[in-house]
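Scrolling down, you'll hit the structures one after another.
Presented sequentially are two complexes of subunit A, the first with subunit B as partner and the second with subunit C.
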Partner chain A sequence: MRSIVLTKGVPDFSEGAVSFDEDGHLERGKTPTVMNPNDELALEAALQTKVRHGGHVSGISMGPPGYADVLQDAMASVYTDDSYLLSDRELAASDTWATAITLSAGLEKYDEEVADVDIVFAGFKTADGETGQTGPQTCWALDWPIVTHVVALDIDPEERTLRAKRLVEGDVDEIETVEVPLPCFVVTDPEFEPTYRTASHRLTHKELRAETEERAAEHDDHLTTWDHTDLNLDPDYIGLDGSPTIVSSVDPIPKASSDREATMLDPEDGMGEVLEEMQPYAAEAGE
Partner chain B sequence: MTTNDDSEPEPDETESDDGEPNETESDDGLSHPTRDKKHVRALTDGDYADMWVFCETQGGELLEVSKEMLGKARALMDQFEEDYGDEEDVVAFLMGDDCEGLAEECIAYGADVAVYHDDERLERFLHKPYTEIAAHMARGEGTVESTDWREYDEPRYILFPATNNGRDLSAKVQAELDSGLASDCSDLFIEENEVSNPVKTGEPGVKKTVEKVLHMKRPDFSGFEYSTILCLDNPDRDFHPQGASVIPGSFEPLEPDSDREGLVVEHEMDIPDDWFRVEITDYDRLEAGIDLTGHDVIVCLGRGIADDPTAGMELGLDLVDAFEDAELGITRGIVTSSYQFEGHVEAYSKEERQIGETGQVVAPDLYIAAGVSGAVQHKVGMDESDTVVAINTDTDARIGDFSDYFIEGDLFEVLPRLTAAVEAGETALEPEAVADGGDDDD
Partner chain C sequence: MTDGAEHYEAVVVGCGPGGAAAAARLADHGVETLVLERGTEAGSKNVSGGLLYAEDSAPYTLEDLFDGVREEATERPVTDYYIHNVAGNSVKTYDLGDLHEHDTDWCDAVLRRQLDSWLEKRVHEKTSEVGGGVLTNVRVNGLLREDGEIVGVTCDELDPITADLIVAADGVNSELARDAGLMDWEEPDEWFQGVKAVVDMDPDAIDDRFDIGPNEGAAHLFSGDLFEDVRGGGFLYTNEDSLSIGTVFHLDSLVEREAEPHELLDALLTHPLLAGWFKNEYREREYAAKLVPDSKKVAHREPYRDRLVLVGDAAGQMQAQGPIIKGMNHAVTAGALAADAFAVTRGNADPEAAGRRYAKLLEDSGTMDKLRPRRYELTRTVGEHDAVTNAVERVLESRLGSLAVGNPIADRLLQRAYNSPFLVSMLPDTETGYVSLPTLIAEEHGKTIYWENEIEPPTLAERIGDLTYDTDVGNPHIELRDQSAAASGAAVSACPVSARDFGGGCYRTEAVKTNGTEETLVSLDTQPCVECGTCAVVADTEWEHPRGGKGVEYREG
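And then the complex of A and B:
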């Protein structure tokens, strides 16, 4: 099985790492870049496929040269075999449409020149843009069958089919089982969990980790960078020029307004007011 | 790569390079044709009108969010008429197995026109056929009977629900129509916008006022900021319809009025079997989950339990048990955390107990927020509570702005004391009494 995983670098939103300016806007330059958390699940899904069926996993990302670090992290932590970075000033300020067109061009080039691809994996959405559009739109450009919100998957290499469970939201949430022929596009759900049922799978997983350490340390040797001419893209149709949408304004989330005025209480002073509020709702003694 | 094997012709109005080499020799210095242009379907100087609303269904019924969007679309287009003097329609569009009745229901919920496509193979959502049919409808293709009510190329605006399937559909339909999209919007309004971006105006340094722009407001950057997204034409490439997906619960539906008049139109199109390469073999409703509404008391835990998530959860549950009618809620932060909970409390860490904008909205008599920082998305889920008690070590935590009582302390110490006091029926608690273990055995 040959898989490619879409990854992206995002600001580290974990507490303490994220930095804001005086107006309350995110300071991207001062906030470290990390791998988008949802993409890790896509990588895990690709790794599970490799552990179970063998094969090759490539990471691909579109972004500034610094995103090579994200791809290196993908190699070190989720054991990809090699990395592809689509990087070019012409790609700056792409919205999801322009990103999808570029990624699909990279995937087509890979499929034509590197190896036939069986599965493209993507995460649900990024922690910064949070659109959830890039996976489906990239797949639209490829016109492959797609399965999204995947929480579990099994592959039958002989039949060349993939069976997946996916989450459907509605007034009542549902879980669907779908079958799709390879090659296909898979978007993992945040609830996706890889499973390694047999001892031999767990052993393979361990061996892959050992062999990856060396490779990740020499990441540059396993990195291919493509620019817009490599991808045969017209600058008028990618980047900012090729993006239908613009961000008109960004406002800090307003500080929550409320009519309430909090009474400050020190627990050492008995918290009597709060206990009086609570007592009417106490369970009957003995329950 | 398996190449695109559906051989349907490109739509007539496409501006895309049609694959003939060197048709327009001068457009760039690259080899022809470039990869990207095969996906360009946009018009130039097209005609656009109406607000279209994709009405998602489940089990033969409209989703609540479909009704909410119709209500919002109605309000927006009524205001549109007032502002611009042009009467434009709210057009519901939907597909499924036997959905004519639902199309009629869309009229009752505020649509002027409802376009539906019936096919038993469409009973459940499938990316490929749903995308193709939606784009076909939007372009006004189909039989004369199904399109003669309209005189424009594509919709001016288009709304989708921000559900798993609705969001996917929005992305693919807008890609197919070669236009843009803001996802997970919580507010929408239409007004003019002064644009200075040279890509959009065509000339650097020039400001241009664009009328009738749909302003799409959405939380992003993991909830740290609100962005207002616009989908604007380039000078030589129209980006219409302006698209948005809408978070369920953001708007109120109208009271359905079965006397409302509207046009119900059946859409026709040949649907090849090849569009059904993804096959749904089985589906199940997930368990109904936990209903946190309607209880006297909610104890909500936040990331303050991080030091020992399992113990924190146990302490929260102990306090829940001390009340007659209480339930445990959690914040988004816990749902998305990587905390390792021990088995007996893990079941309480799931999304079904999440309170907030993307979870449940509760309004108990008493709301106890322990270790909750108080993001605005959380406030939305609990601000209607009668009395709010916050327990937090950080007096700057935002939860303090919407609490009635703020107990400055560590939940690992405060929760057991509260539990003991409630169980003992005490209304005052001397520190010594707690240290002695209280005067009442449980």
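And then the complex of A and C:
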């Protein structure tokens, strides 16, 4: 199986790493870039496919040259065999539409010149834009079948089909099973969990993990960079010029008040006070 | 049930020294070997005192099987060995160097996380070459049977696996040994319980305070009246940059005296004798506990059934006689012998061929006689008889006893007696050897120590708080079958992470009023559990290990 994982660099929103200015705007220069957390599950899905069926996994990202670090992280933290970075000044300030056009061009070039692609994996939403549009739009441009909200998958290489369990409307209580022909596009849900129930799969997994960490240490040797001319893209249809989205303004989300009232209770009779406080609510709930 | 199951030639359960030795030797024989370890890394579930011996007379040592283990994974070699007989502040010290060196090629202090995780990497390298490998975070939960015959293992995390040889090296609380009906958790007098603190100390301070060189180490044992008459003793071993200080007691004696293990450890830690080493500085890295089988009573003479063989603690192969405590070395020997037994019987249609051969190798190599000395079996019936114990105790208490033990000739003879492997192997396991005699020796020959030991060991709550857990929320691995104080009350004090009047431990008692009568019930919270197995013996429980990777994770071990 030949898998491709789409990944993106996002600001590290974890506590201690992220930096906002006084107006609540993100300070990109002061905030480190990391791999979009949801992409880890797309990578896990691709690794599971490789463990079960063999093959090859490539990581693809679009962004500034620094995103090579994100692809390296994808290789080190989960698994990829090699990395492709679509990077060029003309691609700057792309919205989801222009990004999808560029990514689909990259995937087509890969399919024609590198190897036939069986599955493209993407994570659910990026931590910065949170649109959830780039994956499906990229797939639309390819005109492939897409399965979203995937929590588990099973591939039949003989029949060339992929059977997936997916959350209906993103709800964990409602799961449906769908089958699509390969090649196809898979968006993993945050609930996706790889499963390895046999010892031989786990041993292969362990071997691949050790191998990919070693490879990531020499990431430059496994990285290919394509610009817009490589992809044969017209600058009018990519980057800022190719982006129909107009951001008129950005409003910071008001912070929740941090005022709290704390009362120290005597453990002996404190519970009585708590019960008394709760009584009206309990009565309400009882009605 | 076994249709379509994955098959390996050999499956080794547990990657401690016994499992590692078995797997390495199997790989040497070209046997496709899968090792399943429930810890997140080998060593994260393991605790020992711990001295690792290499005996001159043993067919295998860990260094024979793992080149470089002493340089890379063990702590200091033991070059000084002493026992301290304590009566109050009076201490009489004997040099046990001769006993220690008897049959000893080398002996290193070890910390198990460091040692076992190093072994795991080597074992994985070796077994990978023969089509297997080591998998962590996998808990084997039972035996797979076909037509009543053991043919493989079942796991929490994996589908059933069949194998031609199953090596149960899954430790003192071996679920496989119990599933096979070869071991049980019934009698407290078949077990010891050990607790240990790993204490931070700068390497230079260790050299200076123990008067040793950078490549030397000290071992100190403690017995006498510092443990509330509970049968057992204490130990202190020097590591590279820490000390392992612990106590080991007969479980039946702990239960009988309702002693709190952590308080007995504190009694040792705060004794004036240790003040000179601590210099009033004390930083505890880790508190740990472990059950230890008494091989004299439980080492299985035929540790096999069908394709299953037991190795190490799982087979009760833990030699504890007086000051001699040897476990890991015997597990290493047993593991390697089990592998050799399989290699020579490979392809034999009889599923028990390897097991029978293994038992014979244990016997022929002299290993079984070290574990279950005939001398002990002969003298035990007399020596441990209550009437004999009482008579000897009375003699020791009398003026005659003081005269006998107290004269200068006796002092020399006693040091010699302590150093005699022959006499030590006959020592009856009674209060006489652990408490009365050492106390009397200290009273008669001891020097009074005037140091002030002002260190304050952490409380039990702090010790639990410092441990690392990955709790399997909503899925407790121990269930209390009988909540009555009569059936399970002993766990409240005997459990090393519980104590009377302490709400933050595993076991506690609660007064419950029903229909006007008040009853004391025992309740259990497995969150602080260190998986030692004490409660499986002293309380009425349904006891299992947590799932792979879950539960306590030792950093030192």
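Throughout what follows, the second predicted complex is superposed on the first by the 251 of 287 C-alpha atoms of A that agree within 3 Å, B and C clash if a C-alpha of one lies under 4 Å from a C-alpha of the other, contacts with A are read in each partner's own complex, and residues count from 1 in each chain.
Here is the rule we go by: contacts are C-beta pairs under 8 Å (C-beta built on N, C-alpha and C of every residue); 3 or more make two chains touch, one makes a residue touch a chain.
Source: prediction; values computed, not measured.
By the touch criterion defined above, A:Ala199 reaches subunit C but does not reach subunit B.
Of the two partner chains placed around the shared chain by superposition, subunit B is the only one that A:Gly270 touches, whereas subunit C remains out of contact.
Set against each other, subunit B and subunit C touch different numbers of residues in subunit A, with B touching more. Residues 6, 8, 34, 36, 128, 132-133, 135, 138, 157-159, 161 of subunit C are the ones touching subunit A in the complex.
Of all residues in subunit A, only 11, 13, 15, 18, 20, 24-26, 95-97, 100-102, 104-105, 107-108, 111-112, 116-117, 127-134, 136-137, 139-149, 163, 166-181, 183, 190, 229, 231-238, 240-258, 260-268, 270-279, 281-285, 287 touch subunit B in the complex they form. By the touch criterion given at the top, residues 197-200, 202-203, 206-207 of subunit A touch subunit C in their complex. Every residue of subunit B that touches subunit A in the complex is listed here, in rising order: 1-2, 4, 6, 27-28, 30-31, 34-37, 39-40, 56, 58-59, 61, 63-64, 124-125, 127-128, 131, 163-165, 167-168, 170-172, 174-176, 178-184, 193, 197, 199-200, 215, 218-232, 234, 239, 277-286, 288-289, 296-297, 303, 321-326, 336, 365-366, 374-376, 379, 383, 387-390, 395, 398, 400-409, 413-414, 417-418, 421-423, 425-431.
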